[in-house]
Amino acid sequence: MSKKQEPGMAYDMSKLNKVFAILSIGLLITTFWVFLDDYIRPWKAVQLEALQIRQSKLKEKVEEAKKNIDQEKLSALESQLAQGQKDAEGRVDQISKVQAEMKAIERDIKQETIVNGRLNSMVSATTFKYEIANSHGDANAQSLLKTLRNFKKDFELSRDRMKMLESTMKEKTKLLDSLQAEKLQAEKSIEETTRTLDLLKLSLAKTNVTPVFAIRNAPFLDFLDPTLKIQQIVINNVTDDRYFVSVPKVDRCITCHTFIDQTGYEDQPNPHKTHPNLELMVATDSKHPMKQFGCTSCHGGEGHRVHDFNSAAHIPQNEEQKAEWIEKYNWHEPHKIPQPMFKLQHTEASCVKCHQGVEHLPGANKLNAGWEKMEEYGCYACHKIEGWEHKRMPGPSLQKISSKITKEFFKNWVWSPKGFNQHAKMPAFFAQSNNSKPEFMEKNIVEVNAMAEYIWDKAEGYKPFAKYQGGNAEKGKELIKEVGCMGCHGVEGWDAESKKVGAYAGPYLTGTGSKVKSPDWLVSWLIKPSHYQEDTIMPSLRLTDKEANDIAAYLLSMRNTKFDKLKFETLNEDLRDELLVEYFAAFDTLEVAEQKVAAMSDRERTLELGYRSVGKYGCYSCHSIEGFDGRQGIGPELTKEGSKPLTQFGFNQQHDIEHSRDGWIKAHLINPRRWDGGLDKPFKDLTRMPNFYMTEKEAESMTLAILGQVSDEVPLKGVKRLNAQEKLANEGMKVVNKYSCVGCHSIDGWGGNIVKMYDDANEGPPQLNREGFRVQSDWLYHFLGNVKPIRPWLKVRMPSFNLSTEEKNKIVTGFQAKASQPTFVANDAKVEWEPGERAAALKLFEALACTSCHATGFTKDQASAPNLYKAKPRLRPDWIEAWLHNPQEFMPGTVMPSFWEGGESLEEGILGGDANKQVKALVKYILEIGEEEIRSPMRR
Amino acid sequence: MAKQQLNRREFFSFLTVGWVAFTAATAGLLSLAFRFSYPNVNFEPEMEFLAGGPSEFEAGVDERYKNGFGVWMVKQDGKLFALSNICTHLGCIPSWMPAEKKFKCPCHGSGYYMSGINFEGPAPRPLERYKVSLTPEGKIRVDKTKVYRYEKGEWNNPNSFISV
Amino acid sequence: MSAKGLADKVRDTQVWKSIFRHGPPNNSRNRAAVVAGNVFLHLHPIKLKKSGVQLGYTWCMGGLTFFIFLALTVTGVLLMFYYRPTAEYAFNDIIALREHVPLGIMREIHRWGAHAMVITVWLHMYRVFMTGSYKPPREFNWGVGVILLVLTMLLSFTGYLLPWDQLAIWAITVGSNMAKATPFAGHGGPGAALAQIGDFVMVSDKNDVRFQLLAGRFVGEPALLRFYILHCVFIPLVVGVLIAVHFWRVRKDGGISAPL
Amino acid sequence: MKHFINIIADPIFSFPIFSLLFFAMIKWYRVVGTKKFAWIFLAISVPVTVWFLADPQFIKIILWPDNIPINILVILIVFLTWFPLYKAAENDKRLEQGLEPVEALPENREKVWAWPNLVYTELFAIIAGTIFLVVWAIIFKAPLEEPANPTWAPNPAKAPWYFLGLQEMLVYFDPWMAGVVLPGLIVVGLIAIPYLDTNPKGNGYYCFQDRKFAITGFLYGWLVLWIYLIIVGTFLRGPNWTFYGPFEYWDFHKVVAEYNVNLSEFLWLKWLNTSMPKNIFVREALGIALTFAYLIGLPFISLKTKFGKDLLEKVGTMRYYIVIFLVISMGSLPIKMVLRWLFSLKYIVALPEIELNL
C-alpha cells in the first residue's frame, strides 16, 4: 500500500477513523466511570448491612409468631371455613338472588346520583339567580323563587329516594352476609389468628434483595424510587451558624444510624445500635424527638455530610476507640471543621445552649457536676459567663479582715493556701511553675507584702460581741457533726464523714486555731455570723453560748504547727520601687515614672503597689475589698468559650496536650500556668490564672460545662424557654442554691449530700419532695424567718438564715411553682362532718395507733413524728390526704407506715373499709385538732 | 481485490465502532444532565404526621391539619379518614364550605361532597385519601406517601380509614 | 469652519477611517459597503426586493420580535442586578424595583416587552402564513420559527414565576400541573398507574416530569431557582442560537419572502 | 341590552355565533375585504366600543394591567384579519383577470438598496417600538399581588394570558389532552404545515382563492380556537372559572347549573337500564369504539366525499392521513364543546382508573 495521500488530504481516512474510534471508546468508558463514581457511596453498604440485620431480627420474630399460633385452633377454624363454604353453596340460589337484587339497587343508586346531582346544581344555580334578582328588586324574582322551591322539593324527594336506596342496599348487604355468615366468621377468625404473623411476613418480604430491589437501586435509575437513600431531618428550630446568617440544621446521620429510634437493636454494634436513652432523646414521645432536634444539636459534628465516616467529623471518645476507628474507617482528625462532634462523654455540654440560666438540669448529671464545680471554685467571679451574673462572690469579705486574722497569716496563706489547708478552695497564685524563678519569687514576695498592707490599710475595725469562755472541745467536735455544720463544711476531725458528704459551700475546717486571731471573734461568728459580715450565707444555728464555746474550743484546738512557724519575708523596698516604676512606665517614659515614684512617700509607695497588685491578681473578684467596686474580673469572658476557634487557643510549646478544645480546657484547668513553659516572658506578662490543683475528674466535669458555652444562636422556638411557673421555680432554686439548702435537703432529687453521713436517712434533714404541695405558703414564709423545730427528735438543726424578705418570697413561690401549686390553700373553714364520720375517724386514730409516734400532745412518750396539733397551719389538706395514701411516694424510706397500700384498707370494719373515706375522715380529724391548737396554742 | 475488501471492512468497522461509541457516550453524558436534575434528597415538608387521637374528632370536617399538612380529617358514617386538599383537576386547594357541606375549588369550580366525591365542575375524579393507621399509643398516623383513590375502589382498603 | 467642513475633517481622521472603511452611503458603492462592511448590518442583503420594505407586506413583526428580544435581554440583565431568586428575597426585590431602585420602570418595560414579544411573534407567524411564505424553499425555516415561537412563550412563562407573588406561583402551578398529566411521564397522566411493581412506583410525584421541572412536588424555592436559570440562561441561549439559524436561513432561502 | 349581551357572550351562544360569523366572513371575503366595509365597520364599532367602555365592570376588567396586551392584541387582530382579506380580495381579482398579484408587479420586484431603505425602516420600527414600550410601562404598572402563598389559591387562578386558550380547553378536556396532547399537536401541526401544503400557488403574496382550504383551516384554528378562547378565558371567566358576561359583576358566589354525565353512564343506565359492568374496558366499550371510529373510520369515510378524493389526489396518501388526523384533532374541541352543551356529556371515554379520560 502506498503511503501517498489523496490530493487535498493531510491524513489517511482510515487512520482518522481509528483515532476517532479509540477516543470514542475512551469517552464511553469515562462516561461509565463517572456514573459509577457517583453511585458508589459508603453509606449504601451500611444500609445493606442494616437490611440484613433487620431481616435476621424479623426472621426471629416470625419464628416466634409461628410458635404462638395454636395449630389445633387453626385447623379447627379451617374445617369451619370448609363447612361454611359448603353451607353457602347450599344457599347458592338465595345468594345469587340477593346479588341480582343488589345489582339492580346499585343501578338505581347510580341513576339517582345523577338525578340528585343535576337537581343539586339546579338548586344552587337558581338560588344564586333568585338572590341576585331579589336583592336587585327584579321583576322575575318571584317566579325564580317559585322555580327554586320546586327544585328544592324535587331535590329533597330525590335525596329521600337516595336514602331509601342506600338503606335497602345496607339491608341486602347484611342479608348477603348472613347467608354466608359461617364462612365469613371463619375467614375473619383465621385472619385474626394469623394477623401478626402475616404482618411480620409482609415486612420480612420487604427485606429480600429481589430484581425489583436491584432495579430500584440501580445506577441512573435510582432517581425513581430508591430504597437505599439518604435520610435526613431538617430542623428549623436549631440552626447552623453561617456567620451573619443562620440556616436550618440538616442532619443526615440516620442514613447510617438506621435503627437509632427503634427499640430492639440495643445489642447491635454501631452504627446499627438503638439510642441508649430513648426515654429522654430521639423517640417520638420523648422530650427531644429526633424530628425536632435531630442529632447534631446535641452531639455536634457535620450532620449534613454523608460522604464517608470522616466527613461527619466523628470524634473518638478515647485512644482505644481512636485506634479502632483508624483501623476500621481510616479515621483522621477532622480538618477545617468549626464544630466537630463532641466526644461521647461530653455530649451533655450541648444541653447548655438551649437550657440556659437554670441552676440544675434534671437528667444531665455530668453537666450538673460541672456546674457544681464551677460554683464551688467560683469561675464566674473572674470570668464573665452569661447566666451566672447573679452569683455571689465566692470568697469571704476582706473589709474587716484585720480583726479576724493576723497579717502574717494572711501573707503565708496567700502565698500557699494549700500549704495551710489542703482542701482550700482558694487557688495558688505563687510558687507556680511559671513564677518560681528566684527573681520572680522575690517580686512576688514584695507584691504579697504590699497587698497585705493595702488590705489592712483599708480594713475597718470590728468588735466581737461575745467572749470566749473556754469549752469542752470533745463536746464541740460532737456538736459540729450533730447540728449540721457538715452540710456546708468539711471538718478535719470527721474526715471520713466529710468525704462522704463532699460539702463545698463553706471552707474545710482545719487549723482554725492557727488561723483565727481572737477566740472572741470565733464565738461571735458562730453565734451570729451576720454580725461580722452582713451578706454572709453562713447561718445561725441558734447555738447557746455554751454550745458556741464548746465548738470554738474544738476549732481552736485544731492548729497547723508547720504553718505557725512560717515567717514571711519582709518587703524589699528597692524591688517595690522597681515594680512601681514598671507600672507607671506603662504610659509614661521611664524618667517620668521614676520621678513619680520619687515624689511618693514610703507608705504611699507600698499602698500603691498593694492596690495595683490586688488589681493585677484580681483578688477583688472573689473578695469584697474596698476601692474595687464595679471592676470587671480579670479573666476573659467564657460565655462563648465552646465556640472559640481552635486556633485561638494558645497551646504554645505544650505539645503533649491533645490538640482539641476540650484537651486545652482540661489541661488549663489542671495547671493553667503550663502554657508559660518554655517561653521567655517578662514578669508582668506571666499567666495570672491561679492554680486550683484540681483533680482530673473535677477538671473533666468543668471542661464539659465550659464546652457547652457555645455561640450558636438557637432560635427562640428551639431553646427551652421557662414558662412563668418554671421561671418562679428557677428563681427560688437560685436562692436555695445560694444558701446551700441542697447541702442538707434533697430537693426533688437534687442535693441532700449530708444524708450520706447518716446510717438511717430518717435521722438526717427531711427530703423536700414537692415541698410546695406539702406546706402552706404563709407557714413556710414565717418558718424561714423564724425557725421552730418540727422534728424535735432530730439532732441536726434547721439553721436560721439571714434571708431578705425578697429571698424568702422567692423560696416560697419557687417551691410553690415547682410543685405546680398556683396559690396557697385557705383552710380556716370549720371541719364539717358527715354523720358518723367523726366517730369513725376517732376509731381509726385509735386503731392505727397514730399517737405511738405522733405522741406530742397525746401521751407523755417521746415523739418520733411531727406534732399533729400543728399540722393544720403547716400542711395542705390535699397533701395530708395524698401522704396518708402513700407516704413512700413523697419520702422514700420514711418510717411512716402505708396503711392503705394499693388502695386497700386494713380496717375493714370502719366506714365500710373504704380507703378513700377513711383517709378523708382522718384528714378532717387532723384539721379539727389543729383548730383547737390555733384557739389555745398552749397545748403540747 | 481480496485485500481491498478487507481494508474496506476494517475501515467500515472502525467507523462504526467509533460512531456507536461516540453516540452512546454523548447520550450518556447528556443523561448526566437528566439525572442531575433529580435531587437525591428533598427539603419539602414531612409526608408523615401524627394527628391526635380518634376521640378528638367530631363528625364532620376538621380543618386543623389543612394548613400545616394539607389534610382534612373527616369523620363520616363511622369512618375517620384523611382527605387530601389537592383538587384533582389542576391541583388548586379547594375550600370547605360548611354551610353547603361541600368542598369547592376556587380555580375551576370543582365541587366535592364531604366524602371527597366530586359532583360538579371539571374535576375528573374524587379527592384522594391518605393512609391512616393507629400507633401503639393510640394516635393517628397519617402517611401522605400512600394514597387511596375512589375510582380504583381503594376506599374499602382497611388502611384508608379508621373505624370509630 | 462650516459644519460640513468639520464633518469632512472628522471623516478624514485615521480613527474614523479605521472604523468606517467607506465614505458616506450616498452612492451605490458606499451603500453596498456600509451593509457589507458592518457586522451588524451584515445580516441584511445589500439589495432586496421592494416588497421587502413595504409595511403592508411584511408587517415588520419579525423585526420587532427581534428588537424586543434584544430589549428584553438588556433590561433583563439589568434587572438581575437587583433580583435574587430565593423565596426569602424575590418578592421584596420586586417591591424594591417599584419603590426605590432608580429607574425601576425597567421591570415594567421588561414585563410589557415580554407580552409584546408574544404578540409580535404570533403576528409574525400569522403574516408568514397569510402570504404563503412558508412554502418551499422555506419549510425548514418555518419549522425553526415555530420552535422559536414556543420558546418565546416558555421564556415568558418561566419569567412569570420570578416576582414570587400569588399571581406567579398559581399561574405556574396551573401551568406545571399540565406536565403532571403527560402520558406515561407524569404521575397524573394516562398510563402512569400501570408503571408500578408492588410498592415500587415508577411514575410518582417524586420522579415525574413535573418534579424534574420544579425540583419538588409543588412550586417552591427550588422551582424558583430552576425557572430563574431557565429564564435567564438556558432558554435565551437556545433562542439566540436559533435566531442566528433563522436569520441565516432567511438570507439563504431567498431573502424576505416575495412572490416567486 | 346589556343583559342580552351578557347572555349571548356565554360560549354556549357566542362560540357558535363566532364560528358562523367566521364562516360568513370567509364566504363573503370579497365584501369584507373592501375599504368601504372597513369604514362602515369602524363607524359601527367605535360607538359600540365606547358604549362598552362606559360600563364600570367592563372597563375594570379591560384596564387590569395584565389584560392590556390582550386588548392590544384584539385591536391588532381585528385590523389584521381584515387587512389580508382586503389584500387577498385585491389579488384574487387580479389573478382572475390573468394578471400577476400586486406584490409581483415589476415595480414591487424592483431591487432596492438595503441602506437606507431597509435599515431606516428598521430604525423607525425600533424607535417606535421603544416609545411604545416605554409609554406603556409609564402608564401601566406591572402587577404585583400578595406574596406567594402555596397554601391559599387566589380565585380565579389564571395561567398567563397566552395560555388561557389552553386553560379554557381544560373545561372540556382533561389536562393530558388540553395541556399536553393538543398543544403538542398544535406545535407539530404548525411545523408540518409546509410539508403538508403542497399547493405551489400563493407563495409570497396574499390570496384566498388558490389556498381556500389552507387559509380557512388555519384561520379557524387561529381566530376561533385560539384567540377567541383566550378572550373568553381572560374577560369572561371569573371566580371558580365560572362564566361571567362582559357587564356582569364577578360575584364570588355565582353558581352555574352544571352536572355532567359520562357516555358510559348514558349507555348502561339510561339506554340499557342495567348496572355498570365491573370490567372498566367493557364499561367504556362504546366510548372507545366511537373514539376509534372518529380517529380511524372518519378518514376513510371522508375518502368517499369529493373533498376527500380531491385532497388525496392532490397530496398523496401519507399527507392525506396526516392532514385529516390534524383536522380531526382540531375538530375534537368544538365537537366536545357541543356535546357538553347539548347533552351535558362529561367524558366519551371515562377511565379515571388509569387517568385516561376523553
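Chains: A, B, C and D, in written order; residue numbering restarts at 1 for each.
Throughout what follows, a residue touches a chain if its C-beta (ideal position, glycine included) is under 8 Å from a C-beta of that chain, and two chains touch if they have at least 3 such contacts.
All values derive from a computational prediction rather than experimental measurement.
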item	value
Between B-C and A-B, the pair with more C-beta contacts	A-B
Innermost chain by mean C-alpha position	B
Centroid comparison with subunit C (C-alpha atoms), farthest chain	A
Centre-to-centre distance between subunit B and subunit A (centres being mean Cα positions), rounded to whole Å	42
Separation of subunit B from subunit C, taking each centre as the mean of its C-alpha atoms, in whole Å	35
Centroid spacing, where centroids are CA-atom means, of subunit A and subunit C in whole angstrom	62
Between subunit D and subunit C, distance of the C-alpha-averaged centres to the nearest whole Å	24
Where subunit B touches two or more other chains, by residue	38, 43, 90, 92, 107, 119-120, 152
Multi-chain contact sites of subunit C, meaning residues that touch two or more partners	170, 173-174, 177-178, 180, 193, 206-207, 218, 220
Subunit D: positions in contact with at least two other chains	153-154, 157, 174-175, 256, 258-259, 353, 355
Residues of subunit D that touch subunit B when the two form their complex	151-157, 170-171, 174-175, 239-242, 256, 258-259, 347, 352-353, 355, 357
Touch list for subunit D against partner subunit C, complex	66, 68-69, 72-73, 76, 80, 83-84, 87-88, 100-101, 103-104, 107-119, 121-122, 125-126, 129-130, 132-134, 136-138, 140-150, 153-154, 157-163, 166-167, 174-176, 178-181, 187, 190-191, 193-195, 197, 199-207, 211, 215, 218, 222, 351, 353-356
Contact set on subunit B toward subunit A in their complex	7, 10-11, 14-15, 17-22, 24-26, 28-29, 31-32, 35, 38, 40-41, 43, 46, 50, 100, 119-120, 137
Residues on subunit A engaged by subunit B in the complex (per definition of touch)	13-14, 17-18, 20-21, 23-25, 27-28, 30-32, 34-35, 117, 120-121, 124, 220, 223, 229-230, 232, 234, 250, 252, 284-285, 291
Subunit D residues touching subunit A - in the complex, by the definition given at the top	251, 253-259, 261, 265, 268-270, 273-276, 344
